[in-house]
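These are the structures, in structure tokens.
In what follows, chain A forms one complex with chain B and a second complex with chain C.
Moving on to the complex of A and B:
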């Protein structure tokens, strides 16, 4: 398989800075769009515009490409590991979402090809504790999938956004989901089980997801990413207007329909780093010192050219 | 609304099979203003059109909107693969042809032949709550204006026999030919089109060259039957009734177009669902129609009874090849075949063992995810099978995209029961088939047999014309 080129600088102790340990330059023939560590930390998945997803295994002296997941018709936009570590999901401009399974012999097989979306699928994300998958698409919807007998099915379609949904994030407990869109809104959706006390109708045994909060007017451009902190419950967004926004919940009075108000926290409160790996005030780690003035979390040259926005955003667990 | 082509075909995309032609005769829209002299048109280096009026002023011309009718009338261009396929081959098209035929002069009339697949018949029988023979006989009556109604179970005998022999040949040369095995089934056009487009020259050598029952029937109707009827092939309008839309694409393959007679082996494919639409259009319930005796292609064959081939609703290729190979290669007579389900119910394997050694290892792989896994294993050299019956639709042809929609799983079981209800036929024992091999084809291994019963595949290059780029 493909290997990594050995780094030239010596390792340094934790806390004293960052070193580039490996460059995996031969795995893909086009833009690498997303990377994801497996729950166990031994594997790294990379999704590429070349249509493949590579699985890299951590070795003593670097990384080895142990599998190449082929099958998508065109650019793969996202890859995500399920919490169990034996399932992976990928999604593509070919409008499909694929679920893959890995066995004890590190063999990857396609378990399901899901054609629920009608357009390019931008992002896939797993529920934090259940084998429930969410996908976000250019078709303005978020869809949820679960296993049924020996196949996977789309069990919910979240409609409401008026344009491309770029990303989704689950709350720690998995009862709520946040989605962000080209329509400049952040929406929060909540799961209602059949027989719920709020009286929300469900069809069959599947829960219904309803939009319980729409945050509009905060973002002046497309919102590309969202991250829901599993420690504090804060929600951060990455926006095309060059800003990161952090939202916190305040409990409102009374619900006919569960509704929570999220409010915008002004950026001059500097103690709001909230375990962020990058904040508005400090620069992120990046390769080009000349650009240090502009906070930018770039992971590939292509994406940093795409928008001067902060893209993506993640919380340190 | 997009027609429900199989998952494999939807993902592969139709555009590369039926590409729009560059010779569109209506590329620009010219504004006709009264009083103007004839406009001059200048084409820039980048291909854009400018109208130059008398003052020398240049005005860029916009591309015209073209209706499908414009295109079909022109025949120099195709707007969209799907919509063309659907309009050229549909139940409306069939009605049009039948109506034209009725009004035409005797010398201009076409001989209309309909070949019905057993899967379609089972689906219709289930819907109309009839047994298959009754459904078949009443369908014959309903299709007035149609001269003959045949059953593709007959042509499937040839597909099965040829597949059996082909497998044995491949098995015997596996040491010299690394591409001989595994042999992959060829009856499913969804699978074939996907394979040609996505895996091309790697996978093509593994695909059986045997034609599908639909196309064997096409060759028989436009060949043998045409001769018997003293009717030139181009004067026969051959319709097939199939359980899926992918079969429409199969019928339009250039390999199945007879250059000499300028005639397609199958002129029109309609789905089971479209036949139901025809029935509903006429307000007819199949159960109320009087039965007509069934037709047989050869006068010698008695066609009062229907027959079936065991081995599932997709034709039974695995079972027939397995039994034949076991006998031919190892002298073993197989009675019951035991399937072992693997990851999911659409992926099953069958093993022939003797004294602990594996002699034959076959599999069924239905549905796109299983096709994916199979092809990936093949690419990595890890495919353990000698033969795989590959079908694009989960649960096989009885659950094809063109079948009558089912409300529950029980209904699919009912369709299966009806499909399996006729008496079992053994292809080797069919007299009409034997006669055709001997007298019309000139023997099992003749040049003619090869030409009539086998076909070729072609890797499809991705078309890079402007029409295909999805901006």
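Moving on to the complex of A and C:
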């Protein structure tokens, strides 16, 4: 079996607080693309371009490879543990998502091979509390999967991005998810259950996910990763323009517009796009008296508050 | 009728007649080629699904003979694969979920191979390797 070797490089400078405890160099034959700790902390999964996913078990003196999950036809891009700790998901350039189950005897078994995407799958992520899986792909979509009668099915396809979706993150409560893409937007999607009060149509018993917010104009290059803090609700993005951005939802203004301002909108929710333009800083919060009959919903306040989270400048109001 | 009609409209008439003849000939050729094409695709799909069926039936038979209790999950997966193949409308090219169902069959086949510890024929080495993240 594969084992760990003692670190060969010199120890970290004193005071840094971190030491390299193990180097697991024999497990893979190509790039290791992703690592993930199991919820219990005793196992580490590693996904590699060599097409395999290794499961390492923590021992007193290091780590031991207790399983090698094979089957993908080419590079494995991501691996993720479900919160229950008994399920794992992997995805690959072979366009498929595999769901694996581990039993009490530490035996891993493939329970489903999902071929829903039409291109390279970049990322898989589990819902924080339910056995619901999300995947992001080069085919510009995010797909959701759940178990149905002993098999896994794709229960939702989130379309809207105009290019590769690189990553996805669930909000703590799991009612919303954020996705980031090569199209330089961050999108927030919300789940609507059948019979919801907003009048969003659902097919059968599956909820529908709708894009409730598109943040464009903030990133000048591809966005590669997103993380939604489960403590503060802040969303951080990693971008090809060398910057990290942190977005916060303002109390009152919020992203879930249907709750507050849109009682009379038609049942198919319009896709709300917030654009960041140079004029944001010059747009006044106070609108001049409107000559139109219907009150105009001003996005400027919302945008100002959003922009405040990103750019530390003071506004007139 | 104008006695010059025959001459003046000759080009138009010949064009029309030529078009009809060409259309008929083209349709004929098109049908023949389409048939060949359909035949080829059909054969490919049929042989792929047929190979999965043969594989599944064989393993089902082999596992029935074994008394190992761990086999129940494997047999269940094989049953599922056999069921999907038997339900597949392989004689209807206009079936709207053709591609989707075919992908589900492929996925189930891969899962079964994984459970039986059999490598389905795809290997990393045969493809040009890619380093996209």
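Assume the second predicted complex is superposed on the first by the 241 of 317 C-alpha atoms of A that agree within 3 Å, B and C clash if a C-alpha of one lies under 4 Å from a C-alpha of the other, contacts with A are read in each partner's own complex, and residues count from 1 in each chain.
Just so it is clear, a residue touches a chain if its C-beta (ideal position, glycine included) is under 8 Å from a C-beta of that chain, and two chains touch if they have at least 3 such contacts.
Quick caveat, the model's predicted, so the values are computed rather than measured.
J.: Label the relationship between chain B and chain C on chain A in the superposed model as either fit or clash.
T.: Here chain B and chain C cannot both sit on chain A without a clash.
J.: Now for A:70: first (chain B), second (chain C), both, or neither, which partner does it touch?
T.: A:70 contacts both chain B and chain C.
J.: Specify the partner with more touching residues on chain A, choosing between chain B and chain C.
T.: The larger set of chain A residues in touch belongs to C.
J.: Is A:50 touching anything from chain B or chain C once the two structures are fitted on A? First, second, both or neither.
T.: Second partner only.
J.: Looking at A:96, would you say it contacts chain B, chain C, both, or neither? Reply first, second, both or neither.
T.: A:96 sits against chain B and chain C alike.
J.: With both complexes superposed on chain A, which partner does A:31 reach: first (chain B), second (chain C), both or neither?
T.: After superposition on chain A, A:31 lies in contact with chain C alone.
J.: On the A-aligned overlay, A:113 touches which partner chain: chain B = first, chain C = second, or both, or neither?
T.: both
J.: Indicate the residue numbers of chain A shared between its chain B interface and its chain C interface, in ascending order.
T.: In chain A, residues 70-71, 73, 94, 96, 109-113, 115, 150-151 are touched by chain B and also by chain C.
J.: In the complex formed with chain C, which residues of chain A make contact?
T.: Chain A reaches chain C through residues 30-31, 33, 49-51, 70-71, 73-75, 77, 93-94, 96, 98, 109-116, 120, 122, 150-151.
J.: Can you name the residues of chain C that touch chain A in the complex?
T.: Where chain C meets chain A, its residues are 73, 76, 80, 103-104, 106-108, 110-111, 113-115, 119, 122, 124, 127, 129-133.
J.: Which residues of chain B touch chain A in their complex?
T.: Residues 7, 10-13, 198, 343-345, 368-369, 372-373, 376, 394.
J.: Quick one: which bits of chain A touch chain B in the complex? Just the residue numbers, please.
T.: For chain A paired with chain B, touching residues are 70-71, 73, 94, 96, 109-113, 115, 150-151.
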